[in-house]
Structures are given as C-alpha cells and as structure tokens.
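Next, two complexes with chain A in common: one pairs it with chain B, the other with chain C.
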Partner chain A sequence: MKPQTRWMWLVSACGAVLLLLGAPPAHGQEARVGKLAGRAAKGKPLYTRYCAGCHGDDGDAQGENAQWMDPRPRDFTTATFKCRSTPSGSLPTDQDLFNSVERGFVTTNMPPWIALTPQNRVDMVAYIKGFSARWRTAQPGTPLTIPLEPAPTIQSILHGRELYQRMECWKCHGPAGYGDGPSAHELTDSKDEPIRPYNFSTGSRFMCGTTNQDLYRIFMTGLDGSPMPSFADQLKPAEAWDLVHFLRTMQPLKTREAAIWREWVSTHGRELKPIGPEGGGQ
Partner chain B sequence: MVKRFLRAAAPMATMLCAAMVPNPTGTAARTYAAGYATYATAIPAFARKYGLRCSACHTVWPELNAFGQRFKDYGYQLGNDRDSPIWQANSYWPIAVRTTPQVHFENTTHQPIDPPPSERTITQAGFDLSGIDFLMLGTLYKDISFGLVPTLDPDGTAGVEAAFVRFDNLGHSPWANLKIGKFELDNLLGEKRITFLSNNGGFYYAYHFQPAGSVDNYTFGLGDNQIGAELSGHSINSYTRYSVSLLSTGDGEAGLSGANSLDAMVTLSHAFATGSGLGPQRIGVFGYLGHRPTAFDSAGGEPIPGTGSANKQFIRVGATAQIWLGNLELLPMVSHASDDAALGGSTQEPAWNTAMLEAHYIASPRLLVQGRYEMLRMSKQADPATPKTFGDADAIAVGVRAYPFMFSRAGMAIHGEFAMTKTTGMAPLSGNGSGLDAYDPATKIWSRSLMLGFDFAF
Partner chain C sequence: MIARFTALVALVAVSGGVAGPPHRAAIAGTISGKVTYTGTLPKIRTIDMAKEPSCVTQHSTPVTSEDAVTGPGNSVRYVVVYISAGDQGAAASTDTVRYDQKGCLYIPHVAVMQVHQPLAVFNNDPTSHNIHPLARVNPEWNKSQPKGAPPIRTTWDQPEFIPVKCNVHPWMHGYFVVLATPNFSVTDSSGSFSLTGLAPGTYTVTAWHERFGTRSQEVTIAGSETKTANFVLTARPY
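Let's look at the complex of A and B:
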C-alpha cells in the first residue's frame, strides 16, 4: 500500500470513529402494533413535526416549550413510562406507547393524536424507542393479564372501600377522592417535580385510559416515574376488582357502581366508618 | 387579504336597486371577486396556548393537517380538560396578527383603452401590502368557542371577516356542534387556508366565478365567509365529518338582506387511514343552494329594503379529495354550477363546470413546493347569443413557501409564486384589477402574477 493510500485510510478511519462518537443515537428501531410495522426513519420527521417542541429533538424533554409546562413532558432518554401493561420497572410494549400517543394524557399538554393515521403513530413509536439504549439491551415486560371483571355488587364496593383505607390510598387521593390527602402536597415525580394525585371528583378520564380494565391495570402496574406504586404484590385480582368498583363510586358519573352505591348509602349510610387516619374504611 | 369590495360601503337600497338591472357583461360581479381573498388563518395564539409548534396543526401553515382539522372540529379544543380559558395564565390573550408585505408584478393582455376599439397589455409592478388580519379565536368556556377576525385593508378600511360563537359537543357528542354568526364555510379546500397568495393564484374559480349577464346584486362566493348558523359533526378522530348550514343571502355582508329567504349548504367527507402519507386519504362532497330576489316593491322609484320577492335559485355542487402519496398531497376538485335564468339576466339558465388539481410537495414542515391547474368551461350561456366559450378559464399557479424557523410563538414564510390565467373574452377574476372584457368575445386574455412575499404571523 502506498504511503498516500495509507494516510487516506487512516484519516477515513479516524473520521468514521469521530462520527460514530458524536453521532446521535441510532434510530434503526422498528415497532410493531398488530399488523402495522413502524420504522424509525419514517418516524423521525413526524416526531420533529409533532413532538419535538415539547419532548426535544433529542427526546430529553428539553423542547422549547418544556419550560412552560406543568407537568413537564416525558423524558424519553430514561425509558420510564407511566402507562404500561407491563410490570413496574419494565419497558412498555409498542402497543402501550401507541395507545399513549393515541389517547394523550388528561390535564397535561399531551393531546390525543388520534387524528394521525395508525401508520404515522407506529412510525413515531419506533423513533421514540431510539432515545434510550435501554431499548437495545432489555425487552418489554410480559403484559399483565386482566381477568374477567366480576359484576359489581355492594359487597365488592364495600370491600374495595376497606382496601382504599387499608392500602392507604387516601393518603394521596384523599378520604373522598378529591386528591387532597395529607401527602398530596408533598408528592414529587422521579425528576423531583411536584405531582398531584388524581382527583376522582372531577370525573375526568384517567391518565391511562377510561375503562374499568384501564383502572385495574393502573394500580396493578403502577405509574412508573410517579409516586403511584404497583399493587400487584399486595392485591389479589378479585381484590383489585373490588377496589375498581369502589373507586368508580367516587366519580360523579352514571356508572353501575355509583347506582349501587347510592342506593345502599341511602339506607345504610350511617353504618359507614369514615376513611382516613381515624377511620376503619368500612 | 380581506375583501376590498366597495359594495360594503354602499347603501343597501342601492344594492337592491341594482337587483333588477341585468348586467350584460357581468363586469360588476367579477369586479366583486377581483382582488379579494388572500386572507387565511394561521393562529400562533393557539400554539402559545397549548405549547405546540405550528407544524402540529398545519401541514405547512396555513393549511390544516388532520390533527389541526380535529382541533378545529372540537371548537379549538384539545380535549385534555385544559381548554377553558380558566386554565390559562391571566396574561394570555387569544390573538394573532397576520400580514404579508410583498413585491409583485401584474400583467393582463387585451385591456380596452381609449379610443375604442384600442387594446393594450397593462403591466404593473412594485412593492405592496396585503391587509392585516387580527385573528382572535379560542374558547369562552369548556365547549363554548368563539371566533372574531377584524381586518384592515391596506388603505385602512376596516372589516369583520368572522364573528361567531360555537356550542361544541352538544349532548356530549362530537356529532352535534352549533355555530352562529359569520364564519368560513366548511369547504374541504378552504380558501381561507390557501397557500397561494397572488392576485391570480389566491382563489379558486370554482368558488367565485359568475357568468356573463349576472344581475348586479347577485354576488356570491363559496370561498367567502357567510352569515348564518351551522350544525356540524364529526367522528372522534374527525375522519367522518358533516355540516349543514343555513345562511343569509347577503354573501356575508352584515345587515338584513331583502330576500326573505335563506341559502343552504351541505358538506360531507370521509377519510381513510390508508397509505403511509402525512395524513389520511379523504373524499368529500358539497352542495350549495342559494336564492336571490329578482323583484322589489319601490317607493319613489327606489326599491324598499326587505321587500325582495321572486327569489330565484342558484346551485353549486362538487366533489373534492385529499390524497397523500408520501409527502405529496394531491387536492383534486370538480364542480358544477348553474343559475336561474333570471339571475343570469337572460332567457337561459347559465351553467358551467370546473375541474382542478392542486399538488403540494411538503418536503418538510419548513418547505412547500406547490402547483395548481384549474379549468372552467361554460356549458350554457344565459344569453343564447353569447358565444359558448365566453368566460372559459384556465388557471395555473406554481410556488414555493420556505419557513426559516418553526416554533410555537410566531411564524414566517418567504413566499414565491407565479400564477397565470387565460380567459376567453372575459377579464380574469383577478389580475391587475382593471377587470374589463376584451372587445372581441373570442379573444384569449392572459393575466399573470409574479409575487415575492413575506408572510408572517405572531
């Protein structure tokens, strides 16, 4: 090899190394939701168009609008996501991320992107997965299996109320579900940003869905990055459904649970012990 | 920008008087259309309110994308329980301002000059201003929205482009929304969000053409904002949409018209989430049934406002689509129009058809390359003696819009455009504003616009 050629090879090799070191994260990921396959390369311009203003070009929640937002946008570099079907601490599935993009998050700046085509959304999911190396070293957890929901009964609701007391849900969400428990004002998320517990009295949709199944999933998987833990190790499925049925009575909605509860309270209300530090929850 | 039509200042009686006077050349009607309409909506106030970039709601502003359409359909609400103004900082003010300083060149052939039958090509060029739009839109409360768009013409003439209140999600259903006031019709191809701005490119012939002979008071533009009430609805993702409007017959001019009747418009569209383009594929249809009076009671020879009778109808029907092939957006439209013979000022019902294809290549949210071809063909003239091709038009426009920055506080586009129309006998709807027909009805009149504008909103 001639000296000139060797120099060219050496310079080229150094250049390649420098490029690799300084290059942004590789976005060769794919995502799969049902029959749809998402490609990060196609998701990148969509992410820039729709997401980067808040989540930042590098997915680090440093978009130009982030400083004005409460709560702050998700930092994708940590690969920590609230809404999952997978156990606490594990990565979400592509479907979980897809659902989050479609649904948006109530009481935040994250709107529902349901008007975008499913292909656009799955492409964006593929791109979002490129912001953290964790997606290349770990697999999403096994999605939670949600058992068939039993019909709500007054016994189920009362047991759920007892669990609300015993599991100390009231400390954050408040005795009446107003989000005003004694710990409510001290809560912070994993980035030490203040965070407020859900206020059931608003009747608004939950952070991660609207159905009883969604509510069941929320407290069996927890909301990673927030103070809301997973109760998968503390609650049996039947108990979790009891808790779901009671929580529904705290919302000002026309639900089966609320109807059963109102009828029972109209005749047995005086038998109830208060919820809270002095209460028995039954 | 806003309509620069002098009729706005004319007394109603004068307008009504003109109703009974056929206009053999249709010049007045065309003068109305000439020079209106580069006003469009792009509202940084929403971006500030929600912290989203312009590109979230616009393919390239001012054109809406599917997300922006849904946002508009929900009454400028995202649906995150933070839409009511009570959630905004006290300092938030829902206003945006848009204008377009520009330099442009206009050229129209075969313009009559003295002495008859002399003709010449008239050319004008220089620096100019568009009007100014003050875009105030938002929510008064959750599920109660409003729009107020005062405008200023370059000469200082003020107007009201839009003023409405909208009750959203009636019965908690997206299928029922009621809007009352002056508003943009629910056209799939919204002229208020058109990305062509020049005198020859900033409008659709399908929306504004009126044939030779139209009576003077019969003014109508499908692209004009109208006054009335609109019931509209949409699916959760706004892929299926409809609207039904009942409108006053004054073509958007305030004041009770003399027709004692109402116009009606219906639109219906559906989108399919197929392909991997920037948005869903949408098809839609529209229909407009209008009425105008042709007789009035009079006092002292002057028509009495409110006594209009012998209403005669006109119709506009058409189909549109929005097709995505990757970043290429195709916007075809076909339409058919006809007027009652009395509105045409003669013995036959004039009728005409249009076909159009507009293409946008959206290289990125910051670069648009676009082109359009539209043709209009008369199928029947009001006056059998008028040559059948009189009024036929072919319009071509090409352009580029480059956006030097893209964020959620303001927007600017460097706008370059060339537009050219060829009309038969009849002066083009726009052009240099002279608006005169050629002496020979078979003459092909060419009108050209070349424009470099700086379109900004904040």
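Let's look at the complex of A and C:
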C-alpha cells in the first residue's frame, strides 16, 4: 500500500465513524411511497398553504380554525395516528399517511386531498414526519398481513354476529350498529375530548377507507388516539373476516353480505337472539 | 492499518459509555416517612357501575374513585416515593409487575415499574375491557382484552407517569409509573413508605401524587441508618 493510499484509507474510515455517530438520521425528513420520494423542504410550503390552518404551523393542532372543530385536527407532535396498517402503539408507514391525506376522514373536517398530485402528497407526508422526534428514533411497525378474503356465507355472517356480541363491539357501536351502545355517550379520545363511535347506518365510508380490507384493518390495528382498541391479539384471521362480513350487513348498502343476510333473516329471523346485555349473539 | 482502525472503533465504543453492573453496597441505609396533605380535598365520587351488571355484583359496598384516597391524620395513599437523583441506576428487574382488572377496577390503582421491566395486564372480569395507556413520551396503544383472554405483556422504554383508562368503563382510571430507578415505594393506607437498601450518598427523594402534584427533598445517607423524610402535599378541590 502506498503511503498516500494509507492516508486516504484512514481519512475515509474516520469519516465513516463520524457519520455513524454524528450525522442526523435522515428518515425523519423523507417519505417513500411506491416509486415516489417525498422531501420535507418541498412539503413545507404545501403544508403552510393547505394544512396549517387547522393543524397549526407547528403541527400541534393549534391552527386558527382548530377551535371550531369537532373532532379536533390531528396533533402531529404526538405521532399518534388513527389509520395505520401497523400494530397499535407503532408508527404508521408512509403509505398509511399518504392514504390518509388522499382519502380524508369521513365525519370530520378533513377533506380528501385528491386534488393535489401524488408527488405533492408524499412531500407533505415527509414534512409532517418532522413534527415528532419519534420518527427519528423509531421505525414504523410491521404492517398487518391480511389473508385473502373468503367468500361471505351465512355461516360466516352468523359467526361474525356472535363475535360482535362476544367481543362486546355493541357496548359502543350499539346492538344494531347505530353507535348507540351503553358506553357510547361517555367516550373520550386521548385528549379528553368527547368522541362518538362509528354509526354503521350512515353510509359506505369508514374512518380509514371503504373496502372490506380497510374494515378488517381498522378493528385489527385499532384507531390509536381514540377509544377504538386493537383486536389483533384476540381474533384469528378467519374470525376477523367473519366479523367483516357481519359488519357489512349493518350498513344500508346493496352488498353481497347484505343480500345473503336478508334472505336468511326473512326465513330464520325468529331464531336470532338479540345482541346486547342479555344476548347470546346467535 | 486495520489494527489502527479497530483501535479507533474500540475507543469510540468505550467513550460512548457502557453501564456498569447494578451497584448494591453492603452498608444499606433506609429512608422512610409519611405523606400527608393540607388544603381542601376533591369530592370523592361514588362510582355507578350500573352499566356493567357483572361488575356491580362483585362489590358488596359502594365503590369510590381512587384518585384521592386519604386516611386518618390526613395521610395520602397511592403516592409514589422514589429516588429521582443520586442513585447509581440498575438493570431492570426481571420480575413481572402484575396489573389486574377486577370488578371493573384497576388493582393496584398505581403500578410502579422500572424502564424495561416486564408488565402483565390481566382481565379477571366476565366482561371485555380495553387497556388504553395514554402515554406521551412512550408510544400510546389501545388493546381489547375480552373475558378469558390471556394477559397482555409489555414493557416501557422511557420513564413516564402514564394514565391508564378503559374506554368501555370510563370510571376505570389508573397509572403505570415507569421509573429509571429501582428505589421506589408506594404509600399504603396509612401514608407510609420505605426506601431500603440505599448505599451511602446524597439522594433527591420525590413524592408524586396524581392529583396533589410533586414534592422533592434531599436526604443524605451516611451508613446503615434510617432517615425520616415526610412530605406534605397540597390538595386541591378540583
């Protein structure tokens, strides 16, 4: 080895060590969704223009409009997010945040930002991640694996109904899914603000999506920051799908599940035990 | 060349600081005392569990809220007294801290544990609970635990006073107190606490109560002696 080469070697080794010790971690200011790479610097002006009015310049949910809103805007400084594919208590993936910005939240003031380009949205996600130090110290959780959906049958719907009783979903969401269970009126979110459980009779959109997969993900990962807990430790995948099929029958939609259910109820309705404190579910 | 590089890396690793083994001296002092309050107590609420009949039947006498439990001589229960500065720190105990849900109450009301110490939450009720630790420094999570479900096992990475609630039964409130020190004590119904096995040194002793705030004082342990440290907290009506 020439002396010059040796010298270069030492410098680069020192550089590598310094980089490992001192360099600020980069992932707090970047986002990646599919082939798109988001940059916080690009996201900042977009955030100031479209988001800061409610979420605040500092991401602390203290924007000038926030005081008039129910529920309140998300506080990005806590890094707690409702719609995640990751386990309760872990950070969401960039894709999760991207989907939330694109979709908006039904029953809240957050609109779908589909009018912005995907590149805009991924830049905003990168900027939002700068509001909490958690993005620099922790990694997003491992996304939930959702197995292929089995076809709905009357057996799966009836089993789902039994789970709705046994998991005590009705305590908040009500025996018929109207969001009027015995605990519904006293629910508060993590900031002690009153919050209502989802009313299944209101339509097709859930807090975190519209599809059966979205519904599966919602109750398995829970909505962090809200009273909705995670059921991932309690339900096996097959059971979770059964519950999805039953929940679909509570919506005023012409779904496959609803058709199967209506036909069965028209002949067997009297065999059903009501859901509730006395109920056996099936 | 390679040797020089290795030496450099080793130097960096050592200067980064490696925690020593837990320090327990043969000479062991004790700090004990009593926690009392002055001021006006909040109104003690009677909990109405009518919504959950399976929990009503588990209690023969009316149940009251546990956020301000006091006794004779103005003593205060559920005060966490701990060494907030001056001790050496120690590896987390591997004993699992048990937290029970029974009769729609948290038992104990305040559970104290070290950072990284295992915690297990049990549901002994014939009903569903959701365990929702409202952590700010640590990650907040919320998990359902139906009747008969296995315990939820977890640990906490940062010291924090974490309020715990069950959204289904909004009267259920408790605390996970996560501390960096192994030296802590929770006051009993007479307001008494005792911190034992302390090596000689000067310690900051802190008393924390969920409603009445925090008080600290310095105590010096010279040898195998018992020092008294009493705390007076200020009660506020709301």
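Operating definition for what follows: the second predicted complex is superposed on the first by the 253 of 282 C-alpha atoms of A that agree within 3 Å, B and C clash if a C-alpha of one lies under 4 Å from a C-alpha of the other, contacts with A are read in each partner's own complex, and residues count from 1 in each chain.
One rule holds for everything that comes next: contacts are C-beta pairs under 8 Å (C-beta built on N, C-alpha and C of every residue); 3 or more make two chains touch, one makes a residue touch a chain.
What you see is a predicted model; the values in this text were computed from it and never measured.
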Exercise for review: Go through the superposed model and pick first if A:Ala133 touches only chain B, second if only chain C, both, or neither.
Suggested key: neither
Review point. In this superposed model, does chain C or chain B come into contact with more residues of chain A?
Key: C
Exercise for review: Identify the partner contact of A:Leu253: answer first if only chain B is touched, second if only chain C is, both if each is, neither if none is.
Suggested key: neither
Exercise for review: Scan A:Trp68 for contacts with chain B and chain C and give back first, second, both or neither.
Suggested key: first
**Study point:** Which of chain B and chain C A:Ala238 touches, first, second, both or neither
**Key:** neither
Practice item. Please work out whether A:Cys172 is in contact with chain B alone, chain C alone, both, or neither, and reply first, second, both or neither. Key: second
Exercise for review: Check the residue A:Ser183 against both partner chains and state whether it touches chain B (first), chain C (second), both, or neither.
Suggested key: second
**Study point:** chain C to chain A touching residues, read off their complex
**Key:** 1, 4-5, 8-9, 12, 51, 53, 127-128, 130-132, 134, 136, 139-146, 149, 152, 167-170
Review point. How about chain A: which of its residues touch chain C in the complex?
Key: 1, 6, 9-10, 13-14, 17, 21, 78, 80, 87-90, 134, 138, 166-168, 171-172, 182-183, 186-188, 190, 222-234, 277
**Study point:** Interface residues, chain B side, partner chain A - complex
**Key:** 50-53, 55-56, 66-67, 69-71, 78-82, 236-239, 273-280, 364-365, 407-408
**Study point:** Residue ranges of chain A touching chain B (in the complex, touch as defined)
**Key:** 42, 45, 48-50, 52-54, 64-65, 68-69, 104-120, 123, 202, 204
